[in-house]
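This is the structure, below, for whatever I ask next.
Each chain gets a letter, A, B, C and D, in the order it is written, and its residues are counted from 1.
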Amino acid sequence: MNIRTDLAMEAHDAHGEQSLPGVKMETIGDDRDITICRVTVSEEEGARLLGKPLGTYVTLEVSAMRERDPALEERVSRCIAQEGRNLLGDMKKDMTVLVIGLGNWDITPDSLGPRVVGGLLVTRHLLETVPEEVDERLCALCALAPGVLGVTGIETAEVIRGVVQRVKPDLLIAVDALAARDTARLGITVQLCDAGISPGSGVGNHRMTLSRETLGIPVLSVGVPMVVYAGTIARDVMSRLGGVEETAIEETVNGVLRGSALEMMVTPKEIDQLVEDSARVVANGINLMVHQDLTLAEVERYLH
Amino acid sequence: MNIRTDLAMEAHDAHGEQSLPGVKMETIGDDRDITICRVTVSEEEGARLLGKPLGTYVTLEVSAMRERDPALEERVSRCIAQEGRNLLGDMKKDMTVLVIGLGNWDITPDSLGPRVVGGLLVTRHLLETVPEEVDERLCALCALAPGVLGVTGIETAEVIRGVVQRVKPDLLIAVDALAARDTARLGITVQLCDAGISPGSGVGNHRMTLSRETLGIPVLSVGVPMVVYAGTIARDVMSRLGGVEETAIEETVNGVLRGSALEMMVTPKEIDQLVEDSARVVANGINLMVHQDLTLAEVERYLH
Amino acid sequence: MNIRTDLAMEAHDAHGEQSLPGVKMETIGDDRDITICRVTVSEEEGARLLGKPLGTYVTLEVSAMRERDPALEERVSRCIAQEGRNLLGDMKKDMTVLVIGLGNWDITPDSLGPRVVGGLLVTRHLLETVPEEVDERLCALCALAPGVLGVTGIETAEVIRGVVQRVKPDLLIAVDALAARDTARLGITVQLCDAGISPGSGVGNHRMTLSRETLGIPVLSVGVPMVVYAGTIARDVMSRLGGVEETAIEETVNGVLRGSALEMMVTPKEIDQLVEDSARVVANGINLMVHQDLTLAEVERYLH
Amino acid sequence: MNIRTDLAMEAHDAHGEQSLPGVKMETIGDDRDITICRVTVSEEEGARLLGKPLGTYVTLEVSAMRERDPALEERVSRCIAQEGRNLLGDMKKDMTVLVIGLGNWDITPDSLGPRVVGGLLVTRHLLETVPEEVDERLCALCALAPGVLGVTGIETAEVIRGVVQRVKPDLLIAVDALAARDTARLGITVQLCDAGISPGSGVGNHRMTLSRETLGIPVLSVGVPMVVYAGTIARDVMSRLGGVEETAIEETVNGVLRGSALEMMVTPKEIDQLVEDSARVVANGINLMVHQDLTLAEVERYLH
């Protein structure tokens, strides 16, 4: 089935009861507001069938997220921090962490990454120039929003490699807006994974994958689904009917959504608010993950 | 069929070959880049079947609009001006014209109306205070973006009536973003009509319809489709299959698009650019319609 | 002296020790973070010398406002609510309150009013259509951002009068960005007054003043200084020198700030953030003033 | 005198009739709408007195720029292209050009650089992947907006060096918003120079200067003044008085503009429009400079 989703959990669900070799999914955690699900992909054959590289994918679903309750948002940020540290193993205080905000500032649903960069408590420059004035609980955090290939003319991975070579971080965190299959997940789901990233692709350009293998440092991805593609909805509706052939589905979908319309984005009306809120929660999740001994109140005081 | 569209042309097409009493559609004009189509609705029964009030609906389709060619944009603006004057009959130089920009500034695809207001050559205040300094070819133009009910707590029609009572215009022009059925029409179609407007509704709240009948002055609507609803695409795909019952369609669509997802907006990635471009073309169309003896170059010089 | 300020407190200070007939200034309140100052103008001669109409002007100065501490922001909002109610006398639960957000969306430092409108808990439409579903502690609140004369071609006061005639509110609250004399006050000062408003003027166009006298209902103004005019800074610096004649000051200032530069705005770099923060605090101040029995947490829950 | 300006022409004028060793200024060009001025700094002593590094600084002043006449804008873009090529000497077609948009997206008057990046006809990625589909008159252009130190925690020069190492351009063009002394120059002046750049500094951190010496490739800077600092206006006014001592000026200025107010920005009301317009003109200037054989109409067709 030609269902596009960046969420490993949805890709897994799309295979129904079918078991995939080396793929496991389990629901973990006992918070009544936050459902945590973990998909592990440990064999190449399962990875191929799932359409996701080897690695561990953790999803937080927070159905009440759109209510914008500050207390819940803080718990989600703490949960992102905790799950990120679980995926990464031990984080040390003298690490330098580089956060990459992927995506395009000018396209609202694609602007999550650059917005998260704007909400981080960056400290690396202070630790380099005035270390004695910096709270000793702070870790060296720096960040970059490298733009997208169509705007810069440079492969995003090339920009990142160039900066990694100079900054020499101990950990890379990449933030990006995702596409989901189910509209109900937009803006209320956070996926963390350790499988590496291929900025702006999916085309399996292996040279351009940024991962522990290619960079020599751990790479953590954090994403929030912001769009469903129009083509996904169209195919999804038809596949529910039962008894319709794959080719008939494709023909009908292509008849209704001519040309670039398959790529059109389905978003809720309040997408601007949704991106802003998601960016704040993810930025604070990373702030708490990296600056481990700070509370959110302390992070916010330092930010302003 | 539960297909939502604000374009009379699409509503007409949705009935296929079926003839509707008192409804006529014809393609007019001979410009190779701009296809002009006119739907006239002259009987209540046809209006009910079509889901559109009595009146004349003129649609300009400009397939090359997204190329952003200034020369083509100027021709589209002149065409809007001409078709608007045709619908209104004679426009006189000493008229006062009030333009209402409907919609919500904060939701990009709904912000066409407020943006058009920002691109108008408003002159009423100058003609009232320093008439001797004003080019005598200019007509008295004023404009308002009244906001939407959810933000203001006031029926938009109430705001408009209040302002009409004080400004006493001879003509009301309302600009609004529309919903289409076909994604291919987004941002490349302009609809003009003389049937009056019901801001923020469709629910037939007759008290709140603003029309020649209720206001005593002609009302011209100008709109550009900016979204297709997700539910429309889903239903549209299924209805193409043939042989699927209405109730089965609704059940399947509601299964995939739970809750508010039916109302989700399908937009192209470049929606910000599309709204900006459409607003400029429509604003200049109105500028040329109202200030009849000016060229676009003169309009732009006065604007800055 | 040709020092421009919208703050009665600064206008008073500009006269130094000199006593003005019927003008009194006193510092009130005992909150260590919020300094409250009240200027009362009770005689026409004092009003003329001060350059401010008869009325009471209350200023809250919050030097720590830029630290963006949520707890302090809540106290400032509650203080705005309390001082507003003090100025207005008794507020009843069955009142309809209309808030007018003055200023221009497109000019950041002038966008306070329209932004405040976006942060209000508007309820009037719900109380009119589904009263049984509305928390009975909520008052009928509605709001409008009418734009500015240069964009609409309509005197803002005309728009407001038109809407007042239809909505028939019991109280009008007008929000606007102000100009200060002292840059240190930008974004940290809130002025409330009961003297009425003259949108977009100062030129004493009495027909266009909106006040208890002209509208028959109380009018409360709430403003936050967002700019200092370049001319103010230039004159202020020179007048500190001592011994420089008024005419020499004007000549020199006009030599440096040719043409429209006198009107140029002096703003801090973080003006976007400052306007956003001020709008949130003022909007919540009005929310708490109008919906008297709600806590801020309840207001925020209803807003989303 | 403590007058801050990024324009070599203004720094030169501030020394009045005084001759500076190795500094020459001449007015060139015969276009009645565009005044072209060239300052050459060839001796270290002159550079120190002027406060500008060795190099050639070319300024275009276009007093009618704010009228937004498309024909004039095109002439200014062509003039930028021509003067850039003059400064750089021969430009070859097989060059790779990297444009750096300096500054902060979130602070309007500082956003010129990032906005220019958005208006460039970038081609490098197309020439690398589908060279046979690319108009052979196009040069390899790529671009990056690296952000500012306070947001990224990485010295901007470090980011640029990292990207230069990977992209290996033959020419670097850096675009930045400038500070002027005279408000009349805001938005109507373009400065080009070959002296290299020190992003975010002025503090003479030589390691961080990007120039032909440190990078081994030519570096062209293009800037437009967008702000005057409040402190500049205050000092400027006082220094015109004559007979006032330097220390008295500083004391008075610091009395009026306490703390961070010296750094406050003086901008015209229409700063958003001004930045947008300047970015378009500069971006097209660079497009024409790099893609030498294209007309502006061709550039715009390819952009969309």
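The definition used in the following text is that contacts are C-beta pairs under 8 Å (C-beta built on N, C-alpha and C of every residue); 3 or more make two chains touch, one makes a residue touch a chain.
Quantities reported herein were computed from a predicted structural model and do not represent experimental measurements.
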| item | value |
| --- | --- |
| Reference chain C; chain at largest CA-centroid distance | A |
| Same or different residue numbers at the chain A/chain B copy interface, by half rule | same |
| Rounded Å distance between chain A and chain C, as computed from the means of their C-alpha atoms | 43 |
| Separation of chain A from chain B, taking each centre as the mean of its C-alpha atoms, in whole Å | 39 |
| Centroid spacing, where centroids are CA-atom means, of chain B and chain C in whole angstrom | 37 |
| Residue numbers of chain C (touch at least two other chains) | 106 |
| Chain D - residues contacting chain B, complex | 66-70, 300-301, 304 |
| Touching residues on chain B, where the partner in the complex is chain A | 106-108, 110, 183-184, 228, 230, 233-234, 236-238, 240-241, 244, 248, 252-253, 255-261, 263-270, 272 |
| Chain B-touching residues of chain C, taken from the complex the two chains share | 105-106, 117-118, 122-126, 140-147, 149-155, 158-159, 161-167 |
